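The chains carry the letters A, B, C and D, assigned in the order they are written, with residues numbered from 1 in each.
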Amino acid sequence: MAEQNDPIAELRNTSKHYGKVIAADNVSLTIQRGEFLSFLGPSGCGKTTALRMLAGFEVPTSGDVLLDGQRVNDLPPYRRPINMVFQHYALFPHLTVFDNIAYGLRQQRPRLQKAEIARAVDKALDTVRLPGYGTRRIYEMSGGQQQRVALARAIVNEPKLLLLDEPMAALDKKLRRDMQIELQTLQRQLGITFVLVTHDQEEALSMSDRICVMQGGKIVQIGSPRALYDSPNTRYVADFVGKTNFFAGVVTASGDSCQIRVVGLNHTANAPRSLVIGQTASLCLRPEQITLQRNATPADRISVPVTIAARIFLGEHTEYLVKNTDLGEFLVLVPRQAEAVEGAFEPGQAAHASWRDGVGLILGND
Amino acid sequence: MRLYALAVYLFLYVPIGIIVLFSFNAGKAASQLQGLSVQWYGKALSNTFVVEAFQTSLIVALTSSVLATVFGTMAALALQGVKGKTRALFDAMIYIAVMVPGIVIGIATLIAMVTLFDVLNPMLKLIFASAETAPQLGLGYGSLIAAHGLFSMSLVIIIVRARIAGMDRSLIEASADLGATPFGTFRQVTLPQIFPGILAGALLAFTFSFDDFIIAFFVAGSNTTLPIYVFSSIRRGVTPEINAIGSMVLAVSLCLLITAQSILRRGAAKS
Amino acid sequence: MSDRNDFISRTKFMEELMRYKKGSVSRRHFLGVTGLGLATSVLGATLSRQAMAQANIGDRVVIASWPNYHDPADFESFKAATGAAVDLNVFGSNEEMLAKLQAGGTGWDVFVPTNYTITTYVELGLIEPLDMSKIPNYDANAFDPRFAGPGTVDGKIYAVSKDWGTTGMATNTANNNSKAVTSWKEFWDITQGAFSGRTTVHDYQLTTIGNALKYFGYSFNSVDPKELADAEKLLLDVKPHLFAITSDYQPAMRNGDAWLAMCWTGDGKQLNRDMPEIEYTLGKEGGEIWSDFYAVPIGAPHRDAAYALINYLLDPAINMKETLFHGQPVADARVNAMLTPERLADPILYPAAELLNALEFGAAETLTNPDRAELMARFKSA
Amino acid sequence: MFPATAWFVAMLVLPLIVVFVFSFGERGPAGGYVPAFSFANFLNLGARWAAFKNTMVLAPIGTIACLFIAYPLAYFLAVRASAKWQTMLLILVIVPFWTSILIRSYAWIFLLGGKGLPNVFAALGLGHIQLINTPFAVLVGIVYGYLPLMVFPIYVSLERLDKRLLEAASDLGAPPLNTFLSVTLPLSMPGVATGCMLVFILLMGEFLIPAMLGGGKVFFVGNALVDLFVQSRNWAFGSAVAVALVLVMLVTVTAYMRFTRRWSGGRDDISLM
């Protein structure tokens, strides 16, 4: 949302080493006030370490953590105006819902009035749509409810930065979907900066203003969901964000109009990073960039004969796993209306897969 | 924090150090070091009373802990299916057995048995024609094992029951589903699951019995356990022999622990 | 064995003993010269003959006794001679022994009661009249009747004399201008004064209450309620000033924690031997004189072995070894004949006649009296 | 279940019934027991008031002293100690347990006696301080004897504690001390309760430690009981004292369990063991 050029937090060349293990490697990143930023990557990529350095649970081995322009490396977590929603919520089992939410308020000095605390807690409970649940005990709450309590416990303190460490991991799909929307609404409503850690690309794509993809302790790419999806910098990002087919080939032309030869066929496509002629690379095509036809193939398209290997019905779309003798197996996404025209394909049937030359990307194999 | 821990360990080990140190005392006095020697170890080992007391303690501790573990585990397993009044009654007995001080158990066992024997022994004499050959009931191994086992069994029941409660019930169902007979399920699934609890209970039971003085003091009859021997030796003048006994018991338990640890580690490495 | 052995002179015996101890003569030489070897070998022969006559005395015998009261070597030689191993149970007070026997199931074959307890054991039917034919080593004429007498009840011998002694006090004179405490009056007074926190008393009723009664000049054995009330008041007044209520006072005396202790002959002798500044004295007003016995409880599981053991321990040669080990005087003239004049003149072991005459034997009533038992318990739990 | 039931009946129920019956009897002329029916023994319990008072004062004090020394150690072991040393350090806490308590207490007789610590104090110019045969000596013995029993349950509850809860507290602005007081301490309460219960129960029946380190001057009910059975041989009165002790324990322990249960919010995670 609001693109004020006023970073609220910043990681400046921060690294974190545990003995010989490098969890974060020279990470630099600015977090804009009011944005919703996600760290995305598989487990062990360093996203949680980055989050914990922001929260103050980890002190960087080198580099700085800045908050509102101030270096806060040595500021303990309890002095940082940052709150976190923990992975398994970390709700205090010995306290009621009310006391859990009031916990942070009660730590404030000078002390807040009891009535003030009660008002704030009730408001937070309303915000997360759990009014009247204050007297409940934690173990009396369902998973989704616990998640909201954890959220309420964090937002009630009006933190400058709200960190969310895989908050949806323990929820079932439907609930996760609901919570994602709720969280997004809430973020807009509160105007708090959210930093989310997730390994779920769908979650990251649907919720974030910006996504920071991490690999091996390093940031690989930062950008809006759309930018990441449409122009991933590396094969890793392309693979992690959305579904992608990779066809291995050799670069035949570089520069503005990059070309790659895949099994005897030359393709033209954009290359976000410069490539050298003769190097191996991949042509990377999203399943929705490929179409399936029974017979005719338009002349302006590259077409290969395939056999249908499997069909997965997804509602709006149908996903086909098809097989070409040279290219191997790859995915094709057929929208419902297209299928209505062509008719559904059955496994075992022959068809033609085609795409327009120039779509897709050529990415190095690093 | 570290300093504090160090201080507590000092507190724990200074007396142990003194015991070991004086066990090497060349002199006879228990409070004055007069050169070093291992003579007291030789004395202790060649002292038949010490060796016999040790044997008695070992027999009692082994028997009572094994019986208590077997019966306690059986009871803990059987209790799963018991509800209502029987269950409440049984729970109350466990509660009381754990709570009533050992000294009261010792005294109660003593007077109950003595009263019982006073009734039974004349009857035995009547039954057997000759008073000379009639068996006489008396305090001894039986009463010792039974009295120690009472507390141990309660411990085992509590520990094993906690273990059963923490066990995943679906494992039993899975085993049954895969065609195992109830006994097969017990042997292959339940037992391995609750085994750590059984082992812990058995070890505790053994330790308790081996170290118990007060119950044995009342119900041991003519048997002398190691703690009884030590107590009567300590009452008037200690020689470093006692320290040597203490050091040896310590050394043996340490060896056992190290062996157990390495076996466990090897077992863990294998799986 | 004959009563009139041709023993060597005492001086010669001591010389030989010293030489043997120093290692300049062999054990065999020592035993040969002193005649102990003869005694031992004769005894061994007697025993093995007995053993054969009685077929078998079994492989063990259980004795309940006091700590440091027997030379383990004597038990070993008994085992070698008879095949019966000796199992020693150690006790701290006569009350405890009685309690054990009353509870039954002790498994004891022999035990060592003190004079004043014997009639009670007889009344309760807990000990058997001894079959003297099985104890040939006991020669009634050789024993001082003053100490051996309590073993005979209603003309029957129930217990035979082991040794005897007194209960006095041990003072660490270094803390009292080199002066020993010499009366019970002084004992209790100094405890509430200069020796506060430095005195120990026994942890059984007979001597503690008895010597408190002596403060007022009452009988050591009094059970008079008024007199006991006085004693109780004294004891309760003194309690905060005591170092301990214990019969294990040697360590505290040795390391200087305690300066004054209610004390038995043997302990007094040992303390004085090692630390000459600790003196053993008897109370001027009197106090306790006692003698210990061997007795056989009813239903002893190894009765034959019990008799064999008593007989063995009463052999003068063995008994002398025992007395040298435990340090109490014995009542057997045959043993005394073997001891040195120095030992027989030791004022700790053999106090002056006027002091001895003031002493009283504990009375049977004292042991069983419920008021005294309860008084002691109140004193301890106060 | 049958063997266990038989065992309980034969060794627990029947003996306790006998003790109960005996408590209404009388002492025999030379000691022991004579059947009778009177409340004299119970009326005479006042004669052991000092022992009961000592026990009721020193058992809680001993328990609390144990707790205060054990808690920081358990905390150190569970939270601060490095994983490499943790097991080793834990084992080191139990090892002293394997030497007879008798022998260990004897070592304390030496340490607290004239040649031990008081000697050191005297050398430091603090004058003569008597330690042995005082309630203090008994407390030292108690703490020494029962420390592992207190350390272990607390250690287990602290070890089980979810470390993220501590991070959560810190994240919500609680400084370390507040985190400890508002999260660590309440959540380790089950361990504290178990440890206190164990130590308290054992202390209520304690005999050995006061007998050895109290010099016969610090008397617990246990000492009074032993005295009644092996010295005065008053089985009837002894039974009455035993009945009274069991009743006192039943009342205090049950009340304690009620209290801790309510205190932990009715959850059933406070087990006896």
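Methods note: a contact is a pair of C-beta atoms (placed from the backbone, for glycine too) under 8 Å apart; a residue touches a chain by one contact, two chains touch by 3 or more.
Note that the coordinates shown come from a computational prediction; the quantities given were computed from them, not determined experimentally.
A.B. asks: If you check the contacts of chain C and chain D, which chains show up for both?
C.D. replies: B
A.B. asks: Sort out for me whether B-D or B-C is joined by the greater number of C-beta contact pairs.
C.D. replies: Of B-C and B-D, it is B-D that has more C-beta pairs in contact.
A.B. asks: Select the chain at the greatest separation from chain C, using centres from the mean of Cα atoms.
C.D. replies: So the chain farthest away from chain C turns out to be A.
A.B. asks: Counting in whole Å, what is the centre-to-centre distance of chain A and chain C, each centre being its mean C-alpha position?
C.D. replies: 92
A.B. asks: Go ahead and note the Å separation of the Cα centroids belonging to chain A and chain B.
C.D. replies: 59
A.B. asks: Taking the mean of the CA coordinates per chain, how far is chain B from chain C in Å?
C.D. replies: 37
A.B. asks: Return the distance between the CA-based centres of chain B and chain D, expressed in whole Å.
C.D. replies: Computed from C-alpha means, the inter-chain centre distance equals 19 Å.
A.B. asks: Find every residue in chain D that makes contact with two or more other chains and list them.
C.D. replies: Residues 113, 115, 229 of chain D touch two or more partner chains.
A.B. asks: Could you list which residues of chain B touch at least two other chains?
C.D. replies: 30-31, 110-111, 113, 234, 238
A.B. asks: Identify all positions of chain C at which a residue touches two or more other chains, and write them in rising order.
C.D. replies: 251, 255
A.B. asks: Pairwise, which chains touch?
C.D. replies: The set of touching chain pairs is A-D, B-C, B-D, C-D.
A.B. asks: Residue numbers of chain A touching chain D in their complex, please.
C.D. replies: Contacts found on chain A: 55-57, 76-79, 82-84, 86-88, 90-94, 103-104, 107-108, 137, 153-154, 157.
A.B. asks: Quick check on the complex: what are the chain B residues that touch chain D?
C.D. replies: Touching chain D: residues 1-2, 4-5, 8-9, 11-16, 18-19, 22, 30-32, 71-72, 74-75, 78-79, 82, 90, 93, 95-105, 107-113, 115, 146-147, 149-150, 153, 155, 157-159, 162, 207, 211, 213-214, 217-218, 226-227, 230-231, 234, 238, 242-243, 245-247, 249-250, 253-254, 257 of chain B.
A.B. asks: Once bound in the complex, which stretches of chain C touch chain D?
C.D. replies: 93, 95-96, 98-100, 102, 120, 123-124, 197, 200, 203-205, 239, 242-246, 251-252, 255-257, 367-368, 370, 373-374, 376-378, 380-382
A.B. asks: Along chain D, where are the residues that touch chain C in the complex?
C.D. replies: Residues in contact with chain C: 27, 29-32, 47-48, 50-51, 109, 113-115, 130, 132-133, 215-217, 219, 223-224, 227-234.
A.B. asks: Enumerate the contact residues on chain C facing chain B in the complex.
C.D. replies: Residues 62, 66-68, 72, 85, 87-92, 103-108, 247-248, 250-251, 254-255, 299, 301.
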